[in-house]
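What follows is a pair of complexes built around subunit A, which joins subunit B in one and subunit C in the other.
== the complex of A and B ==
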C-alpha cells in the first residue's frame, strides 16, 4: 500500500509549482475505473486539485517517461517509489536523463495491486476499490469483498528488492532499506529443472507472445532510438511472428541486451497482455552476474560501471 | 429451441467434437490468460467471463502463409495456400466478438474478397454464449450488441440449464448433436435475456461511453485533447492485437529450402514503421498514430462503412499498459461535442 496519500502528494505538488522549484509535475490522473489512473503532467495548482490522485493502483514506473519529458525546456517534479529510482539512476548513468531537469520526491511504498490477480479473485466486475490498512476492499455486483494486501500484490512487489530510494531531491517518507524477499527463489527453482524441462518451461511461456512489443516499449532499459526489431532492413521486424523461433529470438535478444542494465523493475511483466513472466529471464542474468562478478545491483548509484562493461583480471572469462 | 441441463454440456460438446473441429474458451490456471483452443479433453474450459483473447484469430490468424514460390528444374511456380474444406465449431463466443466478425466481413468480404478469410468464415459455425458476468469494462450495448443472443446458434445459461436457439441456416447443421443431448422446449427465456441485457447496460464502461461521438472528421481531428490523450501511449501493439476489429496486416516473403514463402501477419497502426514508404511513415508522431486508431474506430469506419469500428469488448480498456484507453477517448470526444454545441 502506498505510504503517502493523494492529498499529501497534491499539496506537495502545488507547493513545488508555487515556489517555482519546477514548472510542471508528473503524477497520476484519475481514470474511469478504480484501477486505471493515467500518467499525467500537471501545469497548474487547479489541475492538480481537480485531477491528481495517488493510490495502490499507481504502478507504472515513471523513469522511462522522463527520457522524453526532459528533452522539453524547464524542470519537472516526479513522485517516485523506491524501485523507480533504480531505473532513474541507470538512465542518468546512460546519459538519457539530465538530472538538472528533474526534481524527485521519494514516496514510500508497500507494493502495488496487480489488477489481473484481483480480477481472478473477484470473478465479477470491479465497480470500486480502495486500499486501507493493509487490505483492499472491492465493490462488485455480488457485494463487497476484502482481500489481504499480499493476496493481490504484483509479483514484483511481493519480492520487493528495496524500500530504499537511491535517488531523490527530497524524501517524503522515512528513509528505508534494501529488502531480502527471496526474489531469486523462482530462478533457482528453474535452474534445478532438467535442461529439457527448462527448455519446455520457457518454450511454453514464450510461445504465448503476440509480439505487441509492450515489454520493450515499457522497459526503462530499452531506450534505443530505433530498435533492431523495429527496423525493416534488419530482417527482424517488430511484428512478425512467423514461427515460435521468432518469439524466443526477440525475448532472448532483449534479455541479453538489457543484461547488466536491467534493475529488475518488473515493468515487462506488468505490461505483458499475455502474462508471460518475462522478468525471470532478466533475473536469471542478474543472478549469474552476482555469482560471476560479485553482487551487483544496476541503478544503485549514478555512474557505476556495469560488470559486463568493465574488465578485470579477476573476471571468470579472463 | 433446445434445452439441456448444465451437467450435460460436456456430453453435447463431446458429441460436436466427434464430428467437427471444436474450439472453446480455456484458461489454464489462475495465472494464465484465457483464449480459444481446441476442445481436446474438455479440461480447463472458461465460460464465466470474456476471454483475454477473442475469436478473431480463428478467422484471421496472427500469421499465415498465403502462397509459396517454388523453383524446380529451372521452372518457377506459384502455389497458393489451399483452402481447407469442412465445417468447424466455435462454442462460447461472446456477442461482442461476433459483432467484431461482422466488422471484419465489411473489409475482407468486400471486393476483392479475401479467400482465406472467406473460407474460414464459411466454415465456422459460431455458437455464442450469453454474457451473464459482464466486466466493468464492457460497453458492447453502446454499439447495439445484444449480449444475450448472437451467432449461428445462441446459447444462454440460466440457473440450472443451457438453452440453444438456432439463428441461421448454418446453425441448423448442429441439430443432430443438439437433438442427441438436449430436449426441444417452448420455454420463454426472454425475461432471462432481458436480465442479461440490463446488467450489461449498467456496467460502468457502458454508462461512461453511452454518448458516442457523432461528429465528422473535421470537427474532431484537430482537437487539442489528442495531445493529452496520447501523451503516455507507449506505442505498443497491445490494443490492436487484442482488438476484435483491427484488421491491418503486412506481407513478407522469406526464403525456404526451394524458394520462398509469402506470409501475412498482423500489423499495428501504433508502430513507428506502420505503412512506412520510401518517404517515411506518414504519421510522424505517436499522437498521430494514436489519433488514427481511435478516429478509425469511432469516425472513419462509421463514415465509410456505416457502423462503428469498435464493439465495446473492453479488452483495450483492460490491457493498455498506460491506461490510455477507448473509454477515456470517447468521454473526451464527448466533451468536445459539448464544446461545439
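== the complex of A and C ==
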C-alpha cells in the first residue's frame, strides 16, 4: 500500500551510493518475524540488494537515530515519511543534527500497520504479510487472512496530521498537504468527563506501565544525554510496585519535558509494550498550547521558537 | 488553621526578590497567616521546576503555592513570564488527569505586599482544607507507618 515499494527504494539507495552523494544509507532489513523489520545502515550496493526491504511495517521514525549517526564522518541518506520530517526539523532547530551530513529522500505514505491490532485480529502466528491495494494479507498457520487497511492502521496514521514533507533533499512522491483528521477529538472527549472519571481513566492506564523506558528511548524529542529519570535521586528511576506516585511523576514529567517540542509523531504510543495511549498526554499539551498561545506545530519549519522558550506580556493568567 | 480537626500541609515557593520579602513583611508587620504554610525560598519563581511541585505533593503537601514578582517586575526581567506559561500548562495537565487544580496556585506578591501574602495564604489554606487530604498525588513511601494504614 506504500506509494514507494521496496524495489524503488533499493534502486534509489544504490544510485545515491554509486554517485557518491552519500556514503551510507539507513533503511530496513528483515527482522525475525514478518512484522518487525529492523533498522540497518547499508554501506554497499550488494548489501542493499540483498537485505534492504520496505513495507507497511517499517514504522520507526529515523530522525532520532540521526543524532548519533551524524556525529560519525560522512553523509547518510535516509528515506523519510512525512511525519518523520517534522521530528527532523525539530532536531535541526535544536542543533542536534547537522544538515550537511544528511540526505533526505521523502517517500509517500498511506499509513503503517499497528502490529498489536493485527496480532489481536489474527489470533495466531503471522508467518508472512504483504500489503497492497488497500489491503493487508497475512499468512498464518490457520490459513490466509485479509484485512482492509483501515482496520489495522496505527492510531497515529488514522489521525495523520500531515502528508506533507517539511524537510527533504529530494521527494520521491508527489508533494502532498496537511490533513485534518480530528487528532484532538479524544482529548476533548476526556476533558468533558468528570474529574473522578478522568482520574480513574488515567490511573488505570498509567498503572499498566512497567517502566521499560521504551517511550523515552524512542522519542525524537527526548535527546538529553543524561535523563532525569536515570538517577536514583529522581525518585522515579524504576517501577515501584506499591506506589502510584512514581508512575504519575514519570508520565507527567515525560510529557512535560517534550511539551512545545513534541511533533506528535506517535512513537511513544507505538513502542509501548503495555499499549498505554501516551499520545493523549502529549496532545493535551499541544492542544493547550494552541489554545493559550496560538496554534503551533512543532517541527513545521527550522528555527521556530518553541512556546515554552517564548513568552509574551499579554499571555493569559493562570 | 484547622477544619474539623484536619490541618492541611501547604508548601509555598517564594521568589527571593519579591514574595519572600513580602512574606517577611507580613511577619514583621504582625499580619498573621497559618503556621502550616512552609515557605521555600527560590531565586526566582521560574526556578520552580514542575518536578518540585509534584515532589512536594508526593512528600505529603496538600497544597502548593508558587509566589513571584508581578508581571513586569521580575528581578531577572522575564522569569515570571516563563513561570506563568509553565504553570498554566502544568495545572491544566493535572486537572486533565483528574487531580484537583485548586490545590495549586500561582500568585504575584511584591515585597511591599505583606498583607496580601498573609491573606492569600489564609484563603488558600481554607480552599485546601475544604478539599481535604491530597489522596491523588501522594507518595506512599513518604508516609509514616501509621498514616499508611
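A few points about this structure:
Criterion: the second predicted complex is superposed on the first by the 304 of 318 C-alpha atoms of A that agree within 3 Å, B and C clash if a C-alpha of one lies under 4 Å from a C-alpha of the other, contacts with A are read in each partner's own complex, and residues count from 1 in each chain.
Going forward, a residue touches a chain if its C-beta (ideal position, glycine included) is under 8 Å from a C-beta of that chain, and two chains touch if they have at least 3 such contacts.
Bear in mind that the values here come from a model prediction, so they are computed numbers and not experimental data.
In the overlay built on the shared chain, the residue A:207 is in contact with neither subunit B nor subunit C.
With both structures placed on the common chain, the touch criterion links A:65 to subunit B but leaves subunit C unconnected. By the touch criterion defined above, A:15 reaches neither subunit B nor subunit C.
Residue contacts after overlaying the shared chain place A:181 against neither subunit B nor subunit C. By the touch criterion defined above, A:189 lies against neither subunit B nor subunit C after alignment on the C-alpha atoms of chain A. In the superposed model, A:31 makes contact with subunit B only, not with subunit C.
After overlaying the two complexes on the shared chain, residue contacts for A:44 are found with neither subunit B nor subunit C. When both complexes are overlaid on chain A, the residue A:7 reaches neither subunit B nor subunit C.
On subunit A, the surface touched by subunit B in one complex and the surface touched by subunit C in the other have residues 240, 242 in common. Taken together, the subunit C residues at the contact with subunit A in this complex read 50-51, 54-55, 58, 71-72, 78, 81-82, 84-100, 106, 136-141. Listing the residues of subunit A that touch subunit C in their complex gives 190-191, 195-203, 228, 234-235, 240, 242-243, 245-246, 248-249, 252-253, 255-256, 259, 281, 284-285, 288-289, 292-293, 307-308, 310-313, 315-318. Of all residues in subunit A, only 31-33, 36-41, 60, 65, 115, 117, 119-120, 123-127, 141, 208, 210-214, 216-218, 230-232, 237-242, 270-271, 273-275 touch subunit B in the complex they form.
Residues 30-33, 48-49, 52, 62-63, 133-138, 199, 203-205, 208, 228, 231-232, 234-238, 240-242, 250, 252, 254, 263, 265-268, 271-273, 276, 317-319, 321-325, 327-328, 331 of subunit B touch subunit A in their complex.
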